[in-house]
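After this come two complexes, each holding subunit A, first together with subunit B and then together with subunit C.
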Partner chain A sequence: MRFLLRTLSLSYVRRHTAKTVLTLLGVIVGVATFSSIESAKGTLVKGIRSTVDRVAGKAQLQITMEGGVPEAVQEQVRALPGIRATSPVIEQIVTPEKGELGSLMVIGIDLLGDREMRDYGFEGDDADLDDPLLFLAQPDSAIFTRQFAGKAGLKSGGSIAIKVPKGVKRVAARGLLTPKGFSEAFGGNLMVVDVYAAQELFGRGRRFDRLDVRLDEGVSIATGIATLEKTLGPAFRVETPGKRGEQMEKIVANFVAGFNISSGFALAIGIFLIFNAFNVAVNRRRRDIGTLRALGATPRQVQLLFLAEALVIGIVGGLLGTLAGTTFSQAFLKMMGQTTETLYGVTSSGIVHLPPVVVLESLCLGIIASLIGAWGPALTASRISPTEAFAKGTFQARPPGRSGLRITVGVIALGSAILMALRPPFGGNPFIFTELLLGGAGIVLLVGPLTLLLLLGLVPLATRFAPVAGRLSGDTLLGNARRTSGTIMAMALSLTFVLGLGGYMGSTKKALERWMNDSLTCDLFVRASANFNRPDFLFPGGLRDDLQQLPGVKSVESFRAIRPLYQGRQIQVTSIEYNLLLERIKYDFTQGDVAAMRRGLIQEGKCVVSDNFSRRYKLGVGQRVELVTPSGKVSFPIAAVVRDYGSDQGTVMLDRSQFIRYWQDDRVDIYDVSVLPGSNVGQVRDLIRTMLAGRYPALVSTRQEFIAEITKALDAFYALTRVTLFLALLVAFLGIVSALLISVAERTREIGILKALGAFPAQLARGIVLEALLLALAGLVLALPAGNLFAFFMEGPLAELFTGWIMSHHYPWEILLQLLVALPLISALAAWIPARQAGKMKIVEAIEYE
Partner chain B sequence: MLKLQDVTKIYAGKSEVNALAGITLAISAGEMVAIMGPSGSGKSTLLNLLGGLDVPTSGQVIVAGTDLAMESEKGRSLFRRTGVSYIFQAYHLMPTLRVSQNVALPLHLAGMATKEIETKVARALKEVGLESRGGHLPDELSGGERQRVAIARALVTDAPLLLADEPTGNLDSARGEEILQLLKRINCERGTTIVIVTHDHNAASACARLIKLRDGRVEGDSAVAGGVA
Partner chain C sequence: MFSIRIVRRPLCHLTMALLLSTICISLSWAGPDARALLKESESRHRTRTQLYAGELTVVNKEGKVRKKGWKSFREGYASDAKNLIRFIDPPEVKGVGFLSLARPGGQNPDQWLYLPSMKRERRIAAQDRDASFVGTDFNYEDMEEFDHEKYKVALKGEQHLDNIPCYVIEAIPVEKVGKSVYEKKILYLRKDNLYLFREDLYRKGEKEPAKRMVLADLQQVEGHWVARKMEMKDLKKGSTTTVLLKEIVFDRPQATGRFTLQNLNREGGD
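And now, the complex of A and B:
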């Protein structure tokens, strides 16, 4: 085998370098996507975990509470038996004015009392806190890590501008941390400030984000947790830093798992490119295969020869893909980090390192993808009989094989997938996997026969517009059914994915936009934070009265959202003054009505739940939702169920009076301001800005601006579509280039004869360009219904399974338009090299070619 | 050595083609036999069946006591590796392999040790007079030389049966004569059974026996005057 690989295979590679490179690219693109996403994902998740661990220091337990831990709790905890020390902490991620320095994690701690918890590394020659008293006396004091200070060119005593909710603020470096332990958290991008200064800076009021606890020697963690839980009640969460890190890691890992779709897709396309390339290689080398078989090579030896070639391609492609992946991983980390910061308030900063396990996984994936792609063609090669191989033209002339069986199995697989999708979703991930497997197999099996049918219709049309080029391209495409359907299959699958994913994301966006238009109906929105999901500053509740006094203001509603855990999932609990809200919003009810909602929320202390909450937890009108509040567990009867897209995990809506009563927290995320008829919205906005200036951070947006900002945030979240679109176009390009290069090489003699008969190079070139266009068009036409089916599946059963949302289908016209522009350009570009090659062919050499 | 019993071969397709219509014949070990006939008479099909490249639709093809029709694909591959060697009209040399590598190919397939391969290849090349051309590519050789490489490749396995499909078909008369002399020498010196399919009367006259085919049937089977005894 080594001899055959060294001689036959290597010489084929040497003679067909371009084709080999294209085949390799299929593996490289797939593996690079996988390894970059995987390593970025790993760095993000581990970074978050490591930051939690490092920031925790010697703390054994951490106390948190939705909305923040009131200051008084610290004294209460400190007085308990078995508690050695407590330390309040505020954590906030900010960005320096110089954006290139990356996100900065601000840790607010009580510096004097915190030495029991964290080692700041002030001891030693290379670290120092200049003046502890000055540090505490000056509210702009901060300590930076040496690493960050070096990066920012910051010296002790120097200052740096950072963006905080109230605007840009300069903070002074009054000490530097030694790069070890605690100071290595968040990749070293750490800033330590006094916890009380942080309360003011980030609008925490008289609350901390958490309370770190160290137990007395001999007190077990279990005892500590039991004591604290008993004292504090169910509204507080008492857990070890490890558990908290795990929880954060889990939330983020679930989000980034979505990126696996892209890498899986890239690999699947890589498999098709390999399949295509090997199919053609078998075709081209059939005489060599025949000779080997005539000389006594067994079918197994022939199959192994091709699989060994695939193995080599898998190894080389895997290695190169892994290397290429490292260059994209940093960009992926940035993209993922920004989204997780926006969505979950956690992120990680640092340099992506390629862990050995990812290298190994990438390499294995490259090899497996390559072997899967080559398996079929290798099997075909092993079945070529010597007599068939020596008979000229029989291989190309042979029909693709049992198409009746293929169509039947394809229809059954696709039909089963559709029938399954029509039923309510069941079984979680195995259900999705089975659906995708059946649907994918159905499409793969049906694309071949459908391709031929489609081309039989398209070729006469092409011939009518371009008689010579149309006939030439049509003959080539129809005469090489295997190659043609292989190329179109890869293209159709990639475009199906793009249109399906685009359709799903478009539908989600459309549903959210419709919902926003219906529910965000006031004139002005007053926020303290740009982050919709995780506000980094909350207004005091009393501000509503001040706003209400302003001329031109009709009404002000105080919106507050918290995200507690409910049955292990992070749901949303929102509150607002519903007596005012129901005057301007019309809800879409799935259970109950507006009268029941008004009565239930305002008079009876009930709650209203979103449709997706109701589906997920199987709770409806008349049943109860039990929520853990600082006042204990409260069971809210459900008054109505409404369509709401505020949270993909479900929303529970309460009147503000109920929220304040049970959560004892009157802070506000957003003030919804409605202006009096005839008043100028712009003038009212100016009045609000003037009133809040210097007191609170304030982002005052009109309705249109507010909706546009949310839409922008959604677009950022759906950046994945753009990555996928790029991958799909790359695949289309690679697929067409490889198919055309092969087509020209195989038709060398035919092209020579045509030239000998007087064909112009331009005619031949036009034929090849038309061939490329027909390939792209056929791929797109087949992808249109398949993409729609995929989108329906994602919008229907999949969305219901993961979010409980039900949305109407929105066709991704924008993506289709982009494809209609991009595909012909890409096809023409892909045809350029093969067309030039054909034009330059020497007639005599071409005719002699075998 | 070789025995065909009522062998038929039908190629199925849009219209069936009866390539062989019940052939029965026997060839003894050490014989040098020519098979002649017009195009479409079934010569090449017969050779393919004898070489285990194809299987009959019905009947028996017994070579050295083994019915090839009953053998598995793997069994026929192993037979081709050691029991028979083939010379093709179009040579079927691997264009990217050097002459010596081409000759060594069947030995590599059989998994023979490199040292032994080198010895056998050198001997086979010497036998066909190409010992100095081992490092060349087939493209760098003349038609006659290419056919001699194909013969060396056939000899290197020491198979007792050598099948030649139009071995002189692509050569001029002088080069054709050279090849025939070489085959005769191999038959005489090694005792290799040789079956040649040919259109060339000159090639047929180099053999001791001539089998004539027409429409898939044996039309004549006779000794050749002055052929190899």
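And now, the complex of A and C:
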């Protein structure tokens, strides 16, 4: 085998270096996409957990509560038996004024007694802080890690400007942490402040984000949890840091899951490129195969030879792809991290170190993809008889297979996928996997026959516009049906992915835009924080009266959202003054009506739920939602179900009076301000800014600005998807280049004859460009319905499964338009190298070829 | 029944030393008992109130020096002692206050630290008793009044320190209610006036003393023995905290409400 590889395979590689490189590139791009996404994803999830673990230090349990843990709870917990120590914590992400330093995680801790929880590594003890008394006495005191201080050029005693809710604030470095344990959290971008200073800085009032608890020796975690739960009641969550990390991972699971589809697609397209390349290689080397067979090689040996080649390509491509993936992964991680922080309020940080598991997985996938791609062609090669191999042209002339059976199986697979999507027999990942498998198999099986059918219609059309080039390209494409259908299959898959994902993105965006236009109808939004999901600062409830007094203000509503756990999922509970809100918003009801909603929320203490909440938890009007509040478990009857896109896990809406009653917390996220008719919105905005200046952080946005900001945050979410779309197009481009190069090489003799007969290089180039255009066009035509099906699947059953949302389909016309412009350009570009190669061919050498 | 207690806070140490010295002579003829010695010491050095201005110097192992100034007020003694410390210097820490109120039944005292920048007090929890008191070598337990009744005491012999004959007393925390960060304390009482001369502090599970306190510059003020210099050494870290006592006044009436949270939280309240 080694001899065969060295003589036959190596000589083929030497003769067709460009083609081999292109095949290799297919594997590299596929594996790079997979490994970069996987390692970024892994680092993100690991970063979330590691940050939770490191910050937790020696804490065995953590107590949290929606809206923050009241200070008094600390004394209550300290007095309990079995509690060794408690320590309050406030966590917040801020950015230094010098943005290039990256986000900083601010940890507010009680420096008087936190050493029971965390190892600070002050190179000795507290005394190595510049001056502990000065640290406590001055509210601008902060401790930085040496790592960050080095990056920021910060020395002990120096100061740095950071952006906090109240504006830009200078903080003084009064201590430096040695990078070990706790200080390695959040990639070392850590700033430690006194917890009471953090309360003031981030508007926490007299609350902490959580209380870390260390138990006495011999007290089990279960006992500790039971004692704390019994004492504190159901409004408090008592969990181990590990469990909390898991919970955070769950929150970002939906976001992360989307990337599995992207990397799966990238690999699938890579497999088709390999399949195509090996198909052609078998075709081109049929004489070698014939010779081998004539010399006594068994079919199994021939098959093994091709599979061994695939193995080598898989290993090399896997290795290179993994390396290439590492370079992209940091950028992926940055984008993912920003999105999870903005959309989910979950923080993570870290530098992507390629985990050995991902390296191994990427390598294995590269190898498996190569072997799968090469399996069919290798099998075909093994079945070539010596006589057939030496008879020129018989191979191309062979029909591509039993198309009747293929079409039947394809139709059944695709039909089953569509039927399953309409009426899912089961849910979860098995459903998604079965859908993708059946749908993918159906499309793969049908693309070949459909390609031929399509080309038979397209070629005459092309010939009418460009008689010579059209005929030349048509003959080439139809003359080698296997190669053509392989290329178009890769192309169609890429475009299906692009159109499907684009369609899904478009539909989601449209649905959200429509919802925002319907529900965000007031004139001004007064926020204390730019972060939608994890506000840096909350306004006091009493501020509403002050705002109400301003000239030009018609009404002010106080919006508050919290994100408690409901049946293991983080839902959203919102509250506002519904008597005012219902005057200006028209809800889209799926159950109940506006009268029932008004009566239920304002008079009867009921709740209203979003349609995705209703679908997810199978609850509707008349049924009850049991929520855990600081006042105990409260069961709210559902008054109506409305369409709402506020949370992908479902929203429960309550009147503000009910929220204050049960949560005993009147703080406000956003004040919605409506101005009097005829009043100038800009002037009212200035008045609000003047009133709040120096008192509270305030971002005052007009309706348009507010919607634009939310849209921007959503765009960041989709930016990652766009990157994967780009990669899919790159793979498609490689597919066309590789197919055309092979096509030119195969037609060397034919090109030589054409040139001898007087064909100009430009005419030949036109033929090749037309060939590329036909490939792209056929791929696009086939991808149109497939992409639509994929989009329907994504925004229908898949979205419903993950979010409970049902969106109306919005066809991605803009993406189609972009493709119609981009594809001819990509095709022409892809045809450039093969056309140049064809133009440079010497007539004599070309005619002598073969 | 006597209730002599050794007071850990600077003033209290001095007072106790004064008391101890007076009983020394009377006990010299008999085989002394540790409890009796401590009771006699307390009896001799007890005062109703005490005020002084302290000059605090912390020198870390690298030789870096930090200086602070405070005013200290005490009312009561040992089990009913109330103490207030207010920092006055440098300006960056001016107004920082510390209040300690003894609790009955052998419980650990209530302690609070007030930070003017936050305009609020913070309670020092039992878990924080070993934390450094504002960066000095004293911890919050060291700032408490020492009550020998919370300890099992035993006379371990006699020893000369700097040519001064001393009784060596071992004090082991009983920990019925309040917990201690120390496993034991070795007290060195001057035989001449039963004033505390040195104290070695052993943390739990440790065989060597973690810290050592030495009282020096013993003088008579208003008829009471007072060590004007108190030095606490962290034997592991190599740092030293020295408190120099100035403007010492005994048994003057205290302002009403001085030892309250309200006063602690009052800007400039003393």
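Quick note on the criterion: the second predicted complex is superposed on the first by the 839 of 850 C-alpha atoms of A that agree within 3 Å, B and C clash if a C-alpha of one lies under 4 Å from a C-alpha of the other, contacts with A are read in each partner's own complex, and residues count from 1 in each chain.
As a working rule, a contact is a pair of C-beta atoms (placed from the backbone, for glycine too) under 8 Å apart; a residue touches a chain by one contact, two chains touch by 3 or more.
Note that the structure is predicted; figures quoted are calculated from it, not measured.
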| item | value |
| --- | --- |
| Touching partner for A:297 - first (subunit B), second (subunit C), both, neither | first |
| Partner chain(s) touched by A:618 [first = subunit B, second = subunit C, both, neither] | neither |
| Contacts of A:84 with subunit B and subunit C, given as first, second, both or neither | second |
| Subunit B versus subunit C as contact partner of A:133, first or second or both or neither | second |
| Touched partner set for A:423, first subunit B, second subunit C, both or neither | neither |
| Partner chain in contact with A:385 - subunit B first, subunit C second, else both or neither | first |
| First (subunit B), second (subunit C), both or neither touched by A:464 | neither |
| Subunit A - residues contacting subunit C, complex | 75, 78, 84-86, 110, 112-113, 115-116, 124-129, 131-134, 136-139, 196-197, 200 |
| Subunit A residues within the subunit B interface of the complex | 3-4, 7-8, 11-12, 14-15, 287-288, 290-301, 385-387, 390 |
| For the subunit C and subunit A complex, residues of the former touching the latter | 58, 60-61, 66, 68, 87, 92-93, 95-96, 113, 115-118, 120, 122-128, 131-132, 134-135, 137, 234, 237, 239 |
| Subunit B - residues contacting subunit A, complex | 48, 51, 53-54, 73-74, 77-82, 86, 88, 90, 92-94, 96-97, 101, 104-106, 108-110, 153 |
